[in-house]
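Chain nomenclature is as follows: A, B, C and D, assigned in order of appearance, with residue numbering initiated at 1 for each chain independently.
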Amino acid sequence: MIVAFTNQLLELAVALLAAPLLLGWVNQCRAWLQNRRAPSLWLPYRNYRKLFHKDAVLAANASPLFRAAPYVVFGSMVVAAAIIPSLGSALPFSRVADAIALVGLFATARMFMALAAMDIGTAFGTLGARREMMIGFLAEPALLMVIFTASLISSSTSLAAISDTLVSRELAIYPSLAFAAIAFLLVLLAENARIPVDNPATHLELTMIHEAMLLEYSARHLALMEWAAALKLFNYAAIGFALFIPWGIAGRDAGLVELLYAAPLLAVKLLCAGAVLALIETLSAKLRIFRAPEFLATAFLFAVLGMLVHLLLGS
Amino acid sequence: MPWSTWPGYSPIDATLVLAGVWLLLGVAGLTAARNTAFVARIVFPLGALVGLMMLGNAIAGIVAPVGARELLLGLPDMPFHVRQDALSCVFLALLGGGSFGISLFASGYFREGPGAAPGLLGFQYHVFLASMAGVLIADDAYAFMVAWEVMALSSYFLVVTQHKVPAIQRAGFLYLLIAHVGALGILLSFGVLQQGSSLTFEAMRATSRPAVWASIAYFLALFGCGAKAGLLPLHAWLPEAHPAAPSPVSALMSGVMLKMAVYATLRFSLDLIGGPLWWWGLATLVLGLGTALFGVVFAAVQTDMKRLLAWSSIENLGIAFTGVGLTLLFRGFGLDALAAIALLATLYHCLNHACFKSLLFLATGSVLHATGERNFGKLGGLIHHMPWVAGLALVGTLAIAGLPPLNGFVAEWLLLQVFLFTASVPQPFIDMLVPLGAALLALVAALSAYVMVKFYGVVFLGLPREADLEQARDAGVPERLGLGWLALACVLLGVLPVPVLRYLQVVSAQLLGTTLGGRLDSWWLLSPISAERASYGPVFFLVGLVLVVVITAAVMRRLYRAGERRAAAWDCGFGRLDARMQDTAEGFGQPIRRMFGPLFEIHRTVPSPTDRAPVYAVRIEDPLWNRLYRPLGRLVLWLADLVSTLQRGRVSSYLLYSFLTLIALLILVL
Amino acid sequence: MINLCAAVLLLLSFAMISQRRTVALVDLFTAQGVTLAVSTLVVALGTGQRHMYYSAALTFALKVIVLPVILRRLIRRLGVQWEAESRLDVTVTMIIGLLVVIFAFGLAEPISALATTVTRSTLGIALAVVLLSFLMMITRRKAVSQVIGFLAMENGLFFAAASATYGMPMLIEFGIALDVLVAVFVLGVFFFQIREQFDSLDLQHLESLKEK
Amino acid sequence: MEVAATLLLPLLGALVLAFYGARRAAPEVNAAFSLATLIAAGALTARVIADGPMLVWGEQFFVDSFNVFLVALTAFVGFTTALFSRPYMRVERDHGRVTARRMRLYHSMYQLFMATMLVALLTNNMGVMWIALEAATLSTVLLVSLYRTAASLEAAWKYFILCGVGIAQALFGTILLYFAAEKLLGADGMQALLWTRLDAIKMQLEPQVLGLAFVFLLVGYGTKVGLVPLHSWLPDAHAEGPTPISAVLSGLLLNVALYIVIRCKVLVEGSLGSALPGQMLMGFGILSVVIAALFLYRQRDIKRLFAWSSIEHMGIITFAFGMGGPVANFAALLHMTLHSLTKSAIFFAVGHAAQKAGTQMMDDIRGLVVQNPTVGWGLMLGTIAILGVPPFGVFASEFLILTTAMQQQPWAAPLLLAAIGIAFAAIFGQVQPMVFGEPNGRRLPHPPALIPVFVHLGLVLLLGLYIPPWLADWYRGAAALIGALP
């Protein structure tokens, strides 16, 4: 019991702290790959700190919803982090919300963000909101399908249980999971405003999506939003680990020691993941916004294929 | 339930009395047709009260033994039979709860209601309520048909309240026509089901019939109920009729009446016909999913807020019928435990939809009163002028978008869980095809979130698109009470699913003979199959979310005492911000139009470059009009023209007809 | 004897079908009336039933005196003596008529086999007359000639009643006769109304009420 | 005694009104006589219910529960129609559409028409039956052409010729019946034409002859019922006559003719011992329903519209009688009643609507509820009732007929339902814009006589929800009389 709760708290702490670092790391790798001088790994932290100290500037016609949104978005990302097993799968909170609820959480965050973006009534805001929702309604089913494929294998929709079962099995490659993994990767790129769907490193571009929604935010609100974005990336990474490379995640009845072992493994996974992400981003060019649906349709297709493969081969 | 154990208390009698009171209230309103104050202050609030009692009675009644009565009314050999079992109770609860909120709202709404005599409206309104109660307790074919048709008729008269608008007349006609045709289908189904000349449900239950006839009966019934529920391809009336009606009526029709179709389908398939075959389930499932997708896609491209909600109702009914389909599928395969979950999910979704759809329709009613506008293009920024309505509508919006921890999510969650189980169906292909249904369901849910962002964002957020929106005033107290009640229901249903399911599973106990039993023991954790299979604890989910938000906010306050100030929107330094720059409803529909192009018939008018006063317009039509309805109409007219050549007005040709008839008959008897 | 009458009757109705001029039609109709009266008388003599005598007298009065007189006066006052053209051309009508007669005989044959009366074969002829007058009404375009066809049909019925069944009960016959009389009066009224409306009795004026 | 009163009162009325029919008070006198008739008929009904069927005047007249309920119905509708025709004919007269002479004609013929129908219903003698029906035709022909317009003359002419020819066929049928019967009942006059006698010996009657006779009777009387394809006169006659006449024509005369057809069917069925007559009726029924439903489209004249709907309903009833059996007959009788009540009510409302708009063209009648709410709602509710929408009674009978049809004649049920659906679309689609929408024309000069309308609709509504046991037994009795092949 104690272990479980420490595990839970540890997870939260790790997520909160590691998320900005992951972002920083990705940016660093990108810079290197593009032969630029890399920004510091800690840049996101400095950034947040600076923003927290500033006075917030709200648009004249900003409604309470606009001010509440950052907290809700941040909150739901944190709760999501509490569900996903990154160190150990003995998470009390994962019983409260399973993978479907997790998808629901992401949807909540997305919806609040979109509503807040529409609140001011700027052209960019509404445009961003529309595109975000468009990406969302294509990515969400794909993500669900990916999770279903995994949960059909482990006959459970709770991520903790899934990773548990996958760990306990000996090193077997599930063809269905292979498909799912590809789909998941595509979804991850789209959902986290990454190239080729969106460009995280831009402002004032007519093709922007995620940034367009944040234009009116400043100071702490902006900081929360960005931190939430970082958390989202981290969460996705953690989901990926839990589903496809769960090895090293401490089992349900693991003690503190295993958790401590799990930590460095997680770090390694994150480093690799970040590097790979940066690589993909560097190698691929940004798509036109109307290619995005096709991109995500492919993801959806792969996910469904994965499921069918599972049903067909029973593996 | 304390009062369910009172001596002499019988739910069925109580229901009859309450329905009777509704009728009396209606008549009372009719006697004082022009007396607005009386109708608004007495009739509607009392009606609301009766609704509340109906709710209480249904909750109490579900644990009471099933009661049946024979009334004095009816046909000589076939008096009206009424009966109230668990299924009736659930939907009576839905009727009562929904009508409570709606009637409260209406008591404020009709105060400055549209032209027609408020008393007349009150009459039709309460007859409508009573007839729905009648549908739910009817226990023989005749009583059912009467209640069913009175329901259609009274709502028709409510729809055409503003009959001077030709479009509304057309809508009303279409509505009544399709309703009547559907009713004929149901009648035919009863005819197939009848036993000897006995048309009581009792007799129908008692007998089992060959699969062919059972199937015919089921699909006839499905046709009839589909016409009422707006299933493809009989949905055409719905987006016309619901916007035409006054908002409380739209709410009642969309939130409550459509559920009667679900009730009837369940009644037919699980109770009257009994022993459903798995492929009925499959057919219903496919139909439901198709309808859901069609509905949500069309909802996304609407430019009239009530039409948008109407299309979203089609979507939600599609989801409900998906649930029905799953129930029948599992039942057909004898997997009753799963069938039970599917059934509960269906019922849950009906309750949910009754809450949030009524809530949203009423909200549009308030907006309509405040601004006189239904067109998205002329709304916006109302959250500043109508904080109450906006706030409560937000709850409905989030709920209908299926976001945790509100009620929409629970049903969705249950349905997805059930879908994941179709892999255990002992039928090749089905076990593979059906999980794809899960994918479709997920897509629909996500799309509905898109639709709802469009709805809420364009109406309540942003800058007002018209100058006179500044004058918009918030809704009055009765309206707020009505809205508040429904919003509360959304939250409670979302946060406390287990008690609700405990209540609902009496139905599965009666219809399927199974319950979730011990899996509903813990009051906070919902795990319909098994703890490790899947679990969902909305209470703590909510607590967790709130906790994080509060802590974050507190930290912000404590550590960083940064203030805040107001300024003009930055807008990338663009400066002159004006309402016309916002995205329009059409703009929001654009990606959908692109992606689901084949589903629409799009008529564009694009101006020429040299056009002095350029007009750009897009009209989106339901393809079924040109593919199904218009050809059908043409066919009938063609036949009519064909026969009308018989009547040429010439005496001698008429004489010839008689002569030939005579000869023919003579040959016949020869 | 009775059969002879029957034959004459049939012949007359054929003549009516082929006849073009209205006045001549009336003459033929009168002739039919005479034949009818004679045949009734014959039956009366044959069977010696009292009411058949009355019936014969009635027939004579009505069909030979009253109706023709009325018709003649009508025609004169309406000035339509000379018109009456058949719609189909005569030969075709004749052939159809022939077929109808054969059909009628075939139809009546088994029945008249059951007849107890001396006048067995007449039923078929009566039926033939009825159908022929029906045919005539169909083919005519003038109001007057249609009416004459109608009356000829009544003749056929009378003949059937008289010959096949020794006449209907007296009361009934009176009733029927009364009705026919009234009918003709009503028709008379009609002719004038129609003519003052359309100043012609051509039926093609009466084809405005239709569905298309 | 009651029989005598029932028959003689209207005759007396006809006589009186033939002289005083042009007076200012004539409409009241007319209504008074109708009321008296109604009372007499009521007494008769009570008597029959009390001590069963009875034969009077050397068996020339007889009353059983089958015809007595039609007598009561006829008298009732006759009375309410007289009430309605009071203000209606006043307006017509004020507009100078009818002269004093024609008012006299109208009133005396109205009573005569009632008398003939009652005779046809009550007589036991097939011959008298024939005479009465022919007389009914003659008495209404001049009413149809009352306005002396081209159209009304044409309608009357067609009515006369077609029904005259038809009725002639019926006479031939009657002669054949007599021909078959006299051998058994002796040629000594009346006996051989008494329905009760014939009914008693129907088993021994010569099948071939009766088959032939039935064809002629069916074609003959069927013409008056308005069965397709013998119906051609009906829409014209209903549309062109004065509205009260349209009301009684389609509300009553059709019933009477159908009543006679059924009487004949009973005899013939008994003699043939085959279902052939029933099948013929079903055939005519289905044909009428389907064709009439299709004709309902493309109608421009409101009275024509409802005339066609009468054909449709007669088809339904005929079909039901054709099926036979206790339930179907019961339903058919119920439907007869309800159709008469509803259809006459509709014609009352239509009459006022047409007077208000000054035309019978539906396109020129708009927004009735706005200016004359009672007329509007009367028309709307009547239409809904006639379309067989619950809770109105017409649905009750259609429900019974359809459910029975699905048991006995499954092939027919879809046809009937399709026709009913088509008819619904056609009629409702045309009535709705007349009742609702922007009004045109002016308010009615006279207050409309709508008590009849709402009394009728009230009864129809009541019968939809509750049929009192005595009435039910009465119908059952009648249904049993008609019976059918076992």
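Details
Keep in mind that, in the parts below, contacts are C-beta pairs under 8 Å (C-beta built on N, C-alpha and C of every residue); 3 or more make two chains touch, one makes a residue touch a chain.
All values reported here derive from a predicted model rather than from experimental measurement.
Pairwise, the chains sharing the most contacting C-beta pairs are A-B. With centres set at the average Cα position, the gap from chain B to chain D is 44 Å. Chain centres here are Cα means. That of chain B falls 70 Å from that of chain C. Separating the centre of chain A from that of chain C, both taken as means of CA atoms, is a distance of 101 Å.
Chain A and chain D have Cα centroids lying 79 Å from one another. Looking at chain B, residues 641, 644, 646-647, 651, 655, 662, 666 sit in touch with two or more other chains. Under the contact definition stated at the top, the residues of chain C that touch 2 or more other chains are 107, 134, 137, 146, 206-209, 211-212. Shown are all chain pairs that touch, namely A-B, B-C, B-D, C-D.
If you check the complex, the residues on chain C that touch chain D are 49, 51, 107, 110-111, 114-116, 123, 127, 130, 134, 137, 143, 146, 150, 153-154, 156-157, 160-161, 164-166, 168-172, 175-176, 178-179, 182-183, 186-187, 189-190, 193-194, 197-198, 205-209, 211-212.
Those residues of chain B lying in contact with chain D across their complex are 72-76, 141-142, 145-146, 148-150, 153, 160, 163-164, 166, 169, 172-173, 176-177, 180-181, 184, 187-188, 190-192, 194, 197, 199, 636-637, 639-644, 646-647, 651, 654-655, 657-658, 661-662, 665-666, 668-669.
Only residues 157-158, 161-162, 165-166, 169, 211-212, 214-216, 218-219, 223, 229-230, 232-233, 235, 276, 280, 291, 294-298, 327, 367, 369, 384, 387, 389-391, 395-396, 399-400, 402-407, 413-414, 417, 420-422, 424-425, 428-429, 432-433, 436-438, 464-467, 469, 472, 475-476 of chain D touch chain B when the two sit together in their complex. Against chain B, in their complex, chain A makes its touches with residues 52-63, 65, 71-72, 74-76, 78-79, 82, 93, 95-98, 100-101, 104-105, 107-108, 110-111, 114-115, 118-124, 126-127, 129-131, 133-134, 136-138, 140-141, 144-145, 148, 151-152, 155-158, 161, 203-204, 215-216, 219-220, 224, 290, 293, 300, 303-304, 307-308, 311-312.
Against chain A, the residues of chain B that register as touching in their complex are 380-381, 383-384, 394, 398, 401-404, 409, 412-413, 416-417, 420, 423, 431-432, 435-436, 438-439, 442-443, 445-447, 449-450, 452-453, 456-458, 461-463, 525, 531-537, 540-541, 544-546, 548-549, 552-553, 556, 559-560, 562-572, 574, 577, 579, 581-583, 587-588, 591, 594-595.
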